[in-house]
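There are structures below to look over.
Each of the two complexes below includes subunit A, the first together with subunit B, the second together with subunit C.
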Partner chain A sequence: MRRLLPLFSFLFFLTFLLVWYLDARQPDPVELIPTLTGQPEYCITCHADLPEISPSHPVKTFGCVSCHGGERLALDADLAHSTMRGGANPSDLTVVEESCGGSNCHSGSEANDRHHIQRVMTSIQSTYAGAIANIRYTFGAQPDLNARFGIYTVTDEETKTGIKSLSAFDPASEENSFIQQFGANCLTCHINAAPREGEAYARQTGCAACHSPTSLSSSEEKQHSLTTAIPYAQCNTCHNRGNYDLRTMTFVERTDQPTNRLQDYYQPIAQFTKCEYTLDCVDCHTRNEAMGNGDLHANKKDIQYIQCKTCHGTLDELPLTKTLTDPNDIAFKLDFLNPIMDLKLGDTIIITEQGEPIWNARQLSDGTFEIVGKATREHFNFRPVMGTACEQNPNEQESRYCHECHAVEK
Partner chain B sequence: MRPSFFHHLHPPTIPAAQARWRHTLGAGGTAVFLMLVIGVTGILEMFYYAPNPQEAALSVQTIAYHVPFGWLIRNLHYWSAQALIVVSAIHFLRVIFTAAYGSPRRFNYLLGLALFVLSLMLDFTGYILRWDVDIYYPLLTGTNLIKTIPLVGDFLFRIAVGGDSLETALLRFYTWHIFGLTILIVILGFWHAFRVRRDGGIAVPPPTLRVHTERISRNELVRREVLAMLIVSIILILLSIFFPAPIAPAMSVREAVRESVPESVYAPWFFLWVQQMLKWGDPLTFGVLIPLGILTFLAIIPYIFPKPADADIGNWFPKSNRAAQVIVGLIGLFILILTLVNK
Partner chain C sequence: MTNLSRRDFLKLVRDGFLYLSGALAFVGFLRFLDYDPNPAQKTEFDLGLAEKYPLGSRTILPDIPALLIHAESGFTALSLTCTHLGCTLEPDTEGFTCPCHNSRFDAEGKVTHGPAAKPLPALRVELTPENRLTLHLT
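Our next item is the complex of A and B:
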């Protein structure tokens, strides 16, 4: 007893030293009070090295939690990350409404052009309705090519296509074994699917599938970035990767080793013009085409409408244009997000038949046009077809007719 | 050195044989010390804890991560509370196995059981105060079990919860936790300690039947208690450092309600045995009547079993109350097995 008391007093004192030491080793909490929420967050205590995600989502305004969820006060990784939406990707379609939604953000009204989430949820790249309908029709599970199923259940009350809703496709309840195999092997290329194994397929899900390009970074690193300057390589994580064999219901990967952009882009059976392999996909394909226009569609043919003549016109018609007179025009917003054109009031840009702006194509004073690559910033000049020696039939505007003269043989 | 206030709280001498560690295990005294730690750390937490559903879990996170050494205070509070249940149970078993409950100690035995029940209720109400996603089903189950009691169930539910639904439960549980139950446990605790002295101190055979007659002074006793407190403190601090108290995201009653109960929902550890029994059938029988029945049986042990022989008092596993030892041992084993099976 005489020795035990001083010994244990000393040990007791040592435990306090241990407490003090361990407490001092903890990192100092770094507080961030985003102006949008006014609530302190401590994420950047550990994540200070993360780059800003985009100029339109500054962390000083949004913070981290308003998009990602998570426990804003926690300094312990397990607790802090426990309520994060969608893991590391809050734009996954299962949680996108809570993360990116809201009337002031990306699920607002069509009038304000803020209904992106509703558009994406009904788009053919998300629902995969065309592929599903085609396979079911081919193997006799449905009598026509009308879309009945999508990857998930989705409704569109105000549809202009007549398709009011899609049910969730359930391969297990299909009778035909080919359709079941289709369900097992062929559903990896819609926006919310986890991609196939392999660096060539690496992408995220949801909005990030396109807007957070992973293809230009190392395959393990997920980019913390949101951009509208989407390079072709990002589209290539799903498109142009190979072919499906309907007899064996397997995906046959392309076997060539692409070494340049011409070969990266397309497979060695196609014919394409120079702008098709020089520009990026987003330079021509419009927002309605890629993200959907808010209506459910049965086939991508219904939504894809861009043609060579949209920019080049025909022998009889000049391309449609619009002079920008309204400072709130969407073209200025798009230019702000990706400032390659420095659009001004009074500039004339090309618009599509549906009124969508090809905002990176501007008419010059001599009637010709310039176009700047959204991802590459490469600058090109081109003339309208009218007045040239072009031999096209104005009634035959499919790309194969232009290819007959203008394709570059690979 | 003149004896201090603390020395004078103790009798001048106590029998040396019964003052050995391996005799009483120091469990009762440790329980008192744990209650002191709980009280002090609890009061400190009150400076930051917000007893309303919107802020409760966030205030717990503030204590754990942003208040200087708040993590230590919170973890100490948690571990000393869980240790209190374990140590009290050991103390109770010691009393049974050393036949220390016989007259004149029968009423004090009842006080001790009441203290144990109050400790469990304090542990449960404190657990609910976290108001995070893990507490919803235990809260729902516990309060629904009260409702199953015929005649008085709804009335008792409203006393426990402060209204007809669980929205008001947090504030009511807070009041029970920091005041209602606390004041009861303090009063009964002092009474229990007083009765120990009044009933003749540590259970020991009467002087004529005593084998060992050495005694130790109050100074020596206090020294041993200080040593025990130091050891317990070291253990509590080490537990607090290496095993943080559970913490989880905030819960809202509206969002917590699900169509079906998720798979891995657990009662707090000290009620796992009840959760296991509830799988066997009717909630009133298995969740209320059987536990109350066990408690009642334990309470009347000193009254229905023959009084232990005087020579046996204070000795471990004496012959004269073998029946009580076996039955209590079996009950303890039953509860322990049910607890472990559930995990």
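Our next item is the complex of A and C:
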């Protein structure tokens, strides 16, 4: 044995050389110690060129791992990425609680307006409860339009809508073949579904489906951006891309390549603000409408309540407004995240009937209003209906009524 | 003196070489074991001579980040790391603002606007016999 000792010694040396050689092929680690975790990460060794994802999530503070997961000290790409949450998208709803949650982040209390994840998980965009209920009712699987099923099981113990829970929709357990086909062909639009193939449908899942717009021009921005300035083109990755054919229970894609938003972008079936087509969807539709308010809802109509009169008022009433007197008002927070208004204490903004601020619509000193595009930053001035020659019935406030007079072509 | 045969000599050289290679690998191995992927972070900062900071001055130390205050009562310091999630605060006319989530603190470090809930922690400043200032994070 003693005679073999020099040989073992040399083998040890060779092993060391091999390890050293393999290690030398790795890049020199570039260390980042985020203040939030205090734990070194080597991610920026390869990802130094990625832009900051948003001013609220600077890499110096958050690092990469607190959101993305992964092996923070690995220099081998496969190993480093092996434990990432949600692949490249940590906001996928299957992992969002771990990635974006936490009481100081997006899973805190309703009182602090930090229950974003709970809102999204119960929102109609995630549960798809209305579409499922409609199809099941249409084909006789349930006696009414009440929501019973969602994409996944979800509960709302403090329900204000009367819907305490939804069971997971399982198309395979349905007896009707149309409902089965619906399950197979028509569930690509809920927020956590993988999108259909094609550039027009390109979006991510979870929070990033809306907040990481793929329609932004730069490819880097596409991959690494979080914003509340969401252009309408992002909404269109789901909305207005085609129709469901109930006879064949398939999704029929649009075949045209629309370019002019007013003339040919919207399909006949879609209601469209023909007088305000220069605005983006998020300029009028509120956070609660788009992201949910934390309650389970039976269908889209139950949570979508913006009407023309919300901003324009009626013949008898001015739009509802609120003067900002509390520096902690949510309107200031939203303006901070997307600084387009420079709101100040004493400013008067429009609010919905539910009290939600339309923080980008401010009353001017002459009684008229301005609205600023959240994505475009364009300013538009408008005046209330009251005092004008309009003869609109206050009970007919859907856009189709207003568009009888107020459309660009008229 | 023992006569070393040529054969024994070559064997000795060979074994010596092999042992030496093993020893080299062992040293490398020890260095590998010694590598600390989570080195302790710096908690002490030499701020230089105290006279650099005149009475009444409030100096932002961006690399720490901290605010060094020289008052009648002596030197004190405030952390400029936001107590919400750890972003570096920026000075404004009323105190400090967090560029990440808009928490605000007055000039004394008290919270004036959330989401931060805790005031900015005071940091210990020491004057050395050589009249140099040392700031301690802990």
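By definition in this document, the second predicted complex is superposed on the first by the 363 of 410 C-alpha atoms of A that agree within 3 Å, B and C clash if a C-alpha of one lies under 4 Å from a C-alpha of the other, contacts with A are read in each partner's own complex, and residues count from 1 in each chain.
The rule we apply is simple: contacts are C-beta pairs under 8 Å (C-beta built on N, C-alpha and C of every residue); 3 or more make two chains touch, one makes a residue touch a chain.
Predicted model, so just to flag it, every value in this text is computed and none were measured.
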**Request:** Kindly classify A:A172 by the partners it touches after superposition: subunit B alone (first), subunit C alone (second), both, or neither?
**Result:** neither
**Asked** Which partner does A:T15 contact after superposing on A: first (subunit B), second (subunit C), both, neither?
**Response** both
**Message:** Is A:P327 touching anything from subunit B or subunit C once the two structures are fitted on A? First, second, both or neither.
**Reply:** second
**Message:** If we overlay the two complexes on their shared chain A, which of subunit B and subunit C does A:T61 touch? Say first, second, both or neither.
**Reply:** second
**Request:** With both structures superposed, pick whichever of subunit B and subunit C touches the larger number of subunit A residues.
**Result:** C
**Contacts of A:L73 with subunit B and subunit C, given as first, second, both or neither** = both
**Item:** First (subunit B), second (subunit C), both or neither touched by A:A24
**Value:** neither
**Message:** Which partner chains sit in contact with A:A48 here, subunit B, subunit C, both or neither? Use first/second/both/neither.
**Reply:** neither
**Prompt:** Which subunit A residues contact subunit B in one complex and subunit C in the other?
**Reply:** 5, 8-9, 12, 15-16, 73
**Fill in**
Listed in rising order, the residues of subunit B that touch subunit A in the complex are 58, 61-62, 64-66, 68-69, 71-72, 220, 223-224, 226-227, 230-231, 233-234, 237-238, 241, 244, 247-249
**Message:** List the residues on subunit A that touch subunit B in their complex, please.
**Reply:** 1, 4-5, 8-9, 11-12, 15-16, 18-19, 22-23, 29, 42, 71, 73-76, 79, 82-83
**Asked** Any idea which subunit A residues touch subunit C in the complex?
**Response** 5-10, 12-13, 15-17, 20, 33-36, 38-40, 55-58, 60-62, 73, 104-105, 112, 114, 327-328, 332-333, 336
**Residue numbers on subunit C that touch subunit A, as the complex places them** = 14-15, 18-19, 21-26, 28-29, 37-39, 41, 81, 84-88, 99-102, 113-115
